[in-house]
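Common to both upcoming complexes is chain A, partnered first by chain B, then by chain C.
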Partner chain A sequence: MIRSFFSRAVSTLLLFAGAAVILLPFVWMLSLAFKPRDEIFSSRVQLLPSRLEWNNFVVALTETDVPLFLWNGFVVVGGILAFQILFAVPCSYALAQRRFRGRTFVFGLVLAALLVPFHVTAIPIFLGFAKAGILNSYGALILPFVPTAFGIFLFRQFFSQLPPDLFDAARVDGLSETAIVWRIAFPLALPAATAFAIFSITAHWNDLFWPLIATTDPHLATPPRGILYFRDQESGDDVGPLMAAALIITAPLVIAFLLAQRKFTQGLAAGGLKG
Partner chain B sequence: MTRSPVLELRGLSRRFGQTAVLDDIDITVPEGSFTALLGASGCGKSTTLRIMAGLDRPTSGRVLLHGEDVAGKTAHERNVAMVFQSYALYPHLTVFQNMALPLTMRHLSSLGRMPLVGRLVPGSRVARNLIEKKVSEAADVLGLTDLLDRKPSSLSGGQKQRVALGRAMVRDPVLFLLDEPLSNLDARLRVKMRAELVALHRRTGKAFVYVTHDQSEAMAMADQIVVMIGGKVAQSGAPRDLYGRPASMGVATFIGHNAINLFLPDDGLHGLHPAADRAVIGLRPEHLSPAANGALEARLETAEYLGSEIILGLRCESGTEIRAIASGDYPIPAPGSAIRLGFEPGQLHLFDRQSGKRIEVTS
Partner chain C sequence: MRRLSIARREALTDLWLAGPATTVMLLFVFVPVVIVAVLSFTDYQFGAGSFAWIGLDNYARLFGSTLGQRAIANTLTYVAIVIPLSVGFGLAVALGLHRMMAWAPWLSHTLRTIYFLPVAATLVAMSVAWQMVLHPSLGVVNQTLASLGGTPQDWLSDRGLVLYTLAAIGIWQTVGYNMVLFLAGLVAIPPELYDAADVDGAGHGWSRFSTVTWPMLGPTTLFVLVVTATNAFRVFETVATLTRGGPAFASDTLVYALYREGFVYFKAGYASAITMVFFAFLLVLTLAQFRIVEKRVHYR
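Coming up: the complex of A and B.
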């Protein structure tokens, strides 16, 4: 009894220590975002500001392009997710529940694609887009991520666990294969879709690599790309509004994750990716 | 009374790779009949049903619906309904939506099926009212009216079964296909649903094809039984014919509540029939009972008292086991005592030793 209490106390303590290390930068960001300018550069370490400086947020939202960056992030992330689901769901349904020649081979290709990091294909894609003249557009930011091996794999694992009888029943009821995908398979896969959406949104909201390569137009900057412009302009001078902007940019993700947390873990468990 | 056939399978074969699952099957389903496909698991009865439904394609042979070849048509175009063993209800839809889906697909255009927007499509209001009417009618018949807003996960097995039947009923199909629909229910409910299915069959007047591995289910409900063994039709006919004149040893062992006694020529029971030294003799336990001047003598080993009858387990001189049934008031002798058993000569079946086929008794 005492032994188990002791080991639990140790593991909880270690978890707290780990969490503190990971959370410290975020806490510091939170702290700076609310501090008045004179307190930011004081030599003493002081976590709580003496008074809340809302002006940092006002500056970030009105005098800079942060709202534009947020909008760009929204368009790009939303576009990527919508197209990913539009293609990945029918594709994985076919891989899981249809019999056709070369099915195993195609699924093998999907698995192989999982192994290739995006950075390997980035240069060929860049050259291709440059030839096609579509760099510096929303399309250039969205298109490379539409075919998603991870999404196809996740949905396929989910669909292959559904009983084939269900789809036969739908065929008898007169649903076309497309109708089966969107009326039966996709609604059932919502937990898996939520998990996938969180992966996709986090990855592309935070992506800096590709926006840095594919766009030079500041009006197309996604939030992380935008923060870079921000810092250049202000040369690190105006830390308060910068931190406020960073907070505004990180917040949507954290809030979205907290809202979807339960669905997210459910989806991972259902998708067979547990552990 | 000759009834025109709804569905005919002619010379149907189906192979998966090298293995032949169905081998030259001929089945005729008459209008309004209740046909049972009876067989052990793996005999190809479910594959036959899937081919009837249009979910699977035969390797060779023809499927005729009202005399017309429907090989290239989908289940929906054939207008057949199917009830699955697992019920296959859509878990994310309510009972109402489950039952309405086949009608939605038939009566509403793809735009009309959209949520919200669909209501603005001309004609969709009429179609929606029609669907609502048909679903509530079916729900009324099946006693589902109070459950229409529930999801399948909150229903009991029997209720799910009824929803699956309702989904099949609403669209007024030419043929009902049922794949072991009662096998997931407990024994008591199974007997109850049996009666409900027969009532439903009478009410709709449509042909039912019912797949089962339970001979008592088939005997109780069907007016035509097709016994399938190893991908072939072993015998088809009325339950009475199958019981009274089984076409082969396989059918004889499959049909009947009590397993039939089979005596091989080597068993030395030559007194039973003049042909006993050449052929296999089949005698059902219920036709074999204690009689003072019976042709068979055997020693009693076990006796199971069931109230109305007693099942006797005996062993004869040569070591062959025999099961016989005595009436409930029969005084059970001590185990080990010799009993003489008698039977009506007309109840005796003769089968060819090699092929297992029936030999007509002439004497």
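Coming up: the complex of A and C.
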């Protein structure tokens, strides 16, 4: 009894210590974002600000391009997700519920594409976009991510578990295949779609690699790209507003995660299957 | 449409459903892979009008030059640090939280949320926060060190330290992810196995772990190892945000080198060779992952 109490106490203590390390950058970010200037540049360890300095947020939201970065983030992430679903869902439906010539070939392509990390395709896509003159546009940020082998794979798994009779019944009722995809199959696949959406939104909201390559115009910067512009411009003077900006940029995903933890954990864990 | 035969019509429907996705996949995945493979044997530079075939020169340069070797060595070191620690801590946290579920479910749940937070947060923004945490004079780490009588360190600009600092941040970011996978594995272990172990006198502590928990977690562990490795190989955000591969290339990694050579110096040919080497590493890992997933007992 005493032994088990002791081991419980030790493991709880260790878990708390680990959690403290995990929280450290979050807490320090919050602390700096709310600290008045003189307290940021003091050399004493001081976790809590003496008063809440909202001005850091005012500066970040009015004197910098942070709102624009957020807007760009919404456009790019929303655009990517919409096109991914538009292309992936009909294809996965066909792969799962229809028999056609080339089906094995298409599914083989999907599996092979799962093996290719995005980084590998970056140079040729950059070359192509440069030739086409579409670098530095929303299109350049969205287009390369439209094909999603992972999405097709996920939706196909889901669709192949649905009974074929369901779709036969819809056909008897005179629905076209396109209508079946969007009015019957897709609504049924909402759990899979949610998991996929969470995965896709998180991946592209947080992505730095491609925005760094495809855009040089600060007005097209997505949130991670934008915060680096901000950091590189300020010369170590504006730490408060910079931390406020970092907080604002990571807040949407963190809040969404806190509100829908189970869905988030599932969505991101499923993403681990992606190559 | 009425004049088309049924077979024709069906074929057109299939084309309409599967064609667009297949086309964009060919256009943005397979054609680029072929091009990057071809480019890696040339001296092509972005914007140049022509190029020459130079055989394996780009690869020779990557494996033969100090810089190329350093990028590869740094990446492998980074991966070798992150894998055992991230997987080990992930497992330890999962075991602790799983046990805590029995007597303090609420606390266990809260801690799980905290550990998962870095996975959902924007890594670039958090790297900027880490930069302040590790700031030589204003950062909380050095301030604490100083007040305890230790020596403050230049965590991000000391050549000997920087790679370890980045690896620590990498571990910080991925522990929660591994924890979730391990928790799923732990929940799926049938309680009867523990009862049986109890009867056999292996019901406590280490023997319980070594006879039941660890063997049952085998497939999960393998999966977690490979996923952690694949992600560690792609390390880019922290490098680009915190060190740009510096100081003096001490934290240069494959993906960062590919970015710098390709998109800062515009040496498309050489960057393509780096890409291919990176691709080869990942291909081996991902194929291993596929085999594991295939064989894995599905817990979820």
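Rule of thumb we're sticking to: the second predicted complex is superposed on the first by the 237 of 275 C-alpha atoms of A that agree within 3 Å, B and C clash if a C-alpha of one lies under 4 Å from a C-alpha of the other, contacts with A are read in each partner's own complex, and residues count from 1 in each chain.
Operating definition for what follows: contacts are C-beta pairs under 8 Å (C-beta built on N, C-alpha and C of every residue); 3 or more make two chains touch, one makes a residue touch a chain.
Everything quoted here is computed from the prediction, not taken from an experiment.
When both complexes are superposed on chain A, chain B and chain C fit side by side without a clash.
Once the two complexes are overlaid on the shared chain, A:W182 sits clear of chain B and of chain C alike. After superposition on the shared chain, chain A has more residues touched by C, the comparison being chain B against chain C. The superposed model places chain B and chain C at 100 degrees from each other around the C-alpha centre of chain A, with the value given to the nearest 10. Contact with chain C, but none with chain B, is seen for A:L212 once the two complexes are overlaid on the shared chain. Applying the stated contact rule after C-alpha superposition, one finds that A:Y138 touches neither chain B nor chain C. In the superposition on chain A, A:T121 makes contact with chain C only, while chain B stays out of contact range.
Using the contact criterion defined above for the overlaid structures, shared-chain residue A:D165 touches chain B, although it does not reach chain C. When the two structures are aligned on the shared chain, A:L14 is found in touch with chain C, with no touch to chain B. In the superposition on chain A, A:D173 makes contact with chain B only, while chain C stays out of contact range.
The gap separating chain B from chain C in the superposed three-chain model is 5 Å, by closest C-alpha atoms. According to the touch criterion, chain A has no shared surface contacted by chain B in one complex and chain C in the other.
Every residue of chain B that touches chain A in the complex is listed here, in rising order: 50, 53, 55, 74-76, 80-82, 84-86, 88-92, 101-102, 105-106, 167. Residues of chain C that touch chain A in their complex: 10-11, 13-14, 16-18, 20-22, 24-33, 35-36, 39, 46, 89, 92-93, 96-97, 99-100, 103, 107, 111, 113-126, 128-130, 132-133, 137-138, 140, 143-144, 146-147, 172, 175-177, 180-181, 184, 205, 223, 227, 230, 234, 236-237, 240-241, 255, 258-259, 262-263, 268, 271-272, 275, 278-279, 282-283, 286-287, 289-290, 293. Taken in their complex, chain A has these residues touching chain C: 7-8, 11-12, 14-16, 18-19, 21-26, 28-29, 32, 40-41, 43-45, 47, 87-88, 90-91, 93-95, 98, 100-103, 106, 109-110, 112-117, 119-128, 130, 143-144, 146-147, 149, 152, 177-178, 181, 202, 205-206, 208-209, 212-213, 223-224, 227-228, 231, 239, 242-243, 246-247, 249-250, 253-254, 256-258, 261, 264-265, 268-269, 272-273, 275. Of all residues in chain A, those touching chain B in their complex are 163, 165-166, 168-175, 179, 183-184, 187-188.
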